[in-house]
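Labels run A, B and C following the written order; every chain starts at residue 1.
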Amino acid sequence: MVLLETTELTKSFFGLTALDRVNFHVDRGEIVGLIGPNGSGKTTLFNCATGVLPVSGGRVKFKGEDITNHKTHEIALKGLSRTFQIIRIFPKMMVMENMLLAIQQHQGERIISSIFRTPEVRRLEKHARERASELLDFVGLTPLRDDLAAHLSYGQQKLLEFIMALMPNPEIVLLDEPAAAVNPTMIKKMMDHIVQLNKRGYTFCIVEHNMDVVMELCHRVVVLNYGEKIADGKPEEIRNNRDVIEAYFGR
Amino acid sequence: MNIVRLLTLIGGSVLLVGMPYFVTSSYVMHIIILSGIYIIFALSYDIVVGYLGMLSLAHPAFYGVGAYTSVLLVMKLNVPFLLAFALAGPLALIVALIVGYPALRLSYHSFAIVTLAFTLMMRILWINWETLTNGPMGIPGVPRPRIDIPFLGTINIATSTGYYYFILILVILTCLFIYLMINSRVGRALLSIRENEVLAETLGVNAFKYRMIAFAIGAFFAGIAGSFTAHYITFVGPEFTDFYYITMLLIMVILGGSGTIHGVILGAIVFTFVPEYLRITPEFRDVIYGFVLVLTIIFMPGGIGGRINDMMERRKARTDGVVRNN
Amino acid sequence: MEMFFQLLVNGISFGAIYAMVAVGLTIVFGILEVVNFAQGEFYMLGAYLTYLVILAQLPYPIAIIAATAAMILIGLAVERLAIRPLIGKAWQLPILSTLGISIIIQNGAIVLWTPNPRTIILETASKNINVFGVVITYQRLLIILLALAIFISLYYFVQKTKTGKAMRAVSQNKEACQVIGIDVDRISIISFALGAGLSGLGGAVVAPAMAIHPVMGILVVIKCFAAVIMGGFGNIQGTIYASFILAIVESFAVAYVSLQYKDVFAFVVMIIILLFKPHGIFGGKVGI
């Protein structure tokens, strides 16, 4: 079942076409890799899909619903999470606080009741804390829960960003270069986490430059070059695809 | 709760409740009541400037709206005081929602300018709409609060003591509300917007909605402060939008410690007492305030509250001694 | 019909003043990314300094030059002491600093010169010429011609001189400029001093035409803010156009609608524009 899809998605900046009629989809339960040389439009695709950038043409659909140009927070509340190329966390707040900020979808919670802490709200907060503790435990960050996020190492911050994206129990998580600038041990850990979560039902779409990660992790790989989709298939097929090799290495 | 905390709490409560008996000078009582007003006013300002992180120059306007609302309701429509007072905050809140709806979409810089323009426009309105507001002379002879409780009689607030307990209750309620708000989802959302708006939005926070909420709540309490002031000094006029209030608010909030409840309260109290003991002309005093503002911003932008927080954090870090693994 | 042109000319002459002060604001914003809340006070100081020089029996042209030069120096000092230390920190800080400076200067003026308005009596100021029934005082003429000269010079400065081009570059991409060796600090201080000088000059030429008092800056600068927002932060041309538009609208509105609410019209126009185009009529920052 198709979870996220783009139809003829186009994005131009002042005459420069960053995305050119890209038709792209992610099915439920898949781990899809999105690769391509620098500047091919991968992050732009993520930004357009999540409402961070307005699209110039085409449509984005999530669970069959058109979400083109919807506001970012609305899209997030529908079940679509993402991480960023440059880590985005709240450095001046504690790790646990970062986690608690990631849950906004409290059904039927109104402002006044949240301020005055009705029993309903308190139950939801407790639930949020439990989930946060679970996730921190899952990735091994529990000892650091009361530390300032700024004091974490780069790899730990990446893990934090990762589990923050998981807090609202999303249906699909878009990861933008999760392995970038991370040491091999941590990469292996991250990959294990993704595999385990995928088994539990989470869908992933990963932008990555690290080919080992992509080849080992992904069920399917989509390749962009100069804003166009040039290939879409299993990792082995992509590895041997002429166009892909040309895109990366030239003729 | 350890013994020191308990004793401080008891001692503080006794002091607060028994204040009118400890303080014999009505002049000092007056300053204390004024500082109560400023605590509410400054805390309300901090919600917008500190927690939301936007430079609003509209607060004196909301203060004035609250003041004029309750005064006009009581004097022209014979509305009972309690009801009129209860409407001051909500009306200021509504005005804030109307102004905020277009204004909060603008860039931070445009927002500052537009809120300044709004305050000036309100001032011009109050000066010129003589039939409603009595123009530049203002409305003197504002009746003192008179609360009729059915079957129990009437409470007339006309003495220092009466006003003191009234403002004390208001201050406690305000602090309570703000404390609850800060530690609720609303407070966290505001913080996340201030720290990293794109990330907040990605996590599902509707930044615009929360901006409106913070702006409106700030205006609500400013309106309450304004209304109380009008019924205390028995006067309301366009002076309520004087630029002077912005100066005071900024100094109280910034020097006191933006984003910290205790810092802002401290700032409000200190800067209500200080000018009273500075026997100099208002303009000279304002020149000094200008310098204080500039110097604070350059050398201590976190304010005293910020310094206290730093000290407490450093103490905590020393005693924790956590081993970090990489 | 004469009335129409009279109002138009009045509007243009006020527009010239607003434009001078507003261009100073927009340049400072474009390069330092700071809204200078003290700009109105620079204007006010320019007027007072002119008054003081004339009081010392010196001729008016000397007064104009002296006032402008003094404001440039004051601008240099303010930038160095109150703004430079805050560049790069939270965006609210430099703005609040200028607010503080504005408070200092405004109240300082009240302390030094009392709130009583001063006036300058110049023989030539009240003389006027009559063009097709429209009365233009010499002072108004001076304002318009001077503004024209300033804007033309500014255009050449910004487009043709090395410093001017550097300023444009900085307003478009500060980091890139630092990398290629443009002294951003020097450009910043020049820009701020330029802004202060323009404002002071505005005050100097307006001084003989109106009452000089410590609060005269606020109402003018607020309209200049409106012009900057409408014209686009950092957009010199846009700001100039917007200043004239606002002044002309104000001039007509005062005559045909209401005198009491004179100062409100500029805001109303600004708010209406902002509702439809939050980035101003002429668009966002595209460099000066």
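The rule is simple: a residue touches a chain if its C-beta (ideal position, glycine included) is under 8 Å from a C-beta of that chain, and two chains touch if they have at least 3 such contacts.
Since this is a predicted model, take the numbers as computed values, not measurements.
Student: Farthest from subunit B by Cα centre, which chain is it? Let me know.
Tutor: Centroid comparison gives A as the farthest chain from subunit B.
Student: Identify the chain whose mean C-alpha position lies nearest to the mean of all protein C-alpha atoms shown.
Tutor: Going by the distance between chain centres and the overall C-alpha centre, it is B.
Student: Report the inter-chain centroid distance for subunit A and subunit B in whole angstrom, where each centroid is the mean of the CA atoms.
Tutor: Measuring from centre to centre gives 41 Å for this pair.
Student: I'd like to verify one number: the distance from the centre of subunit A to the centre of subunit C, where each centre is the average of its C-alpha atoms, in whole angstrom.
Tutor: About 49 Å, centre to centre.
Student: Between subunit B and subunit C, what is the gap in Å from one C-alpha centre to the other?
Tutor: Each chain's C-alpha centroid was found; their separation is 33 Å.
Student: In the complex formed with subunit B, which residues of subunit A make contact?
Tutor: Contact set of subunit A toward subunit B: 50, 52, 71-74, 76-77, 81-82, 84, 88-93, 97, 100-102, 104-106, 109, 111, 114-117, 121, 125, 143-144, 147, 151, 153, 155-156, 164, 167-168.
Student: Touching residues of subunit C toward subunit B in the complex: what are they?
Tutor: It is residues 29, 35, 82, 85-86, 89-93, 95-97, 99-108, 110-111, 218-219, 222, 225-226, 228-229, 233, 260-261, 263-264, 267, 270-271, 274-275, 278-279 of subunit C that touch subunit B.
Student: Under the definition above, what is the set of subunit B residues touching subunit A in their complex?
Tutor: 177, 180-181, 184-186, 188-189, 191-192, 195-196, 198-207, 213, 322, 324-326
Student: Any idea which subunit B residues touch subunit C in the complex?
Tutor: Going through subunit B, the ones touching subunit C are 49, 53, 55, 102, 105-110, 112-114, 116-117, 120-121, 124, 128, 243, 246-247, 250, 254, 281, 283-284, 286-287, 289-291, 293-294, 297-298, 301.
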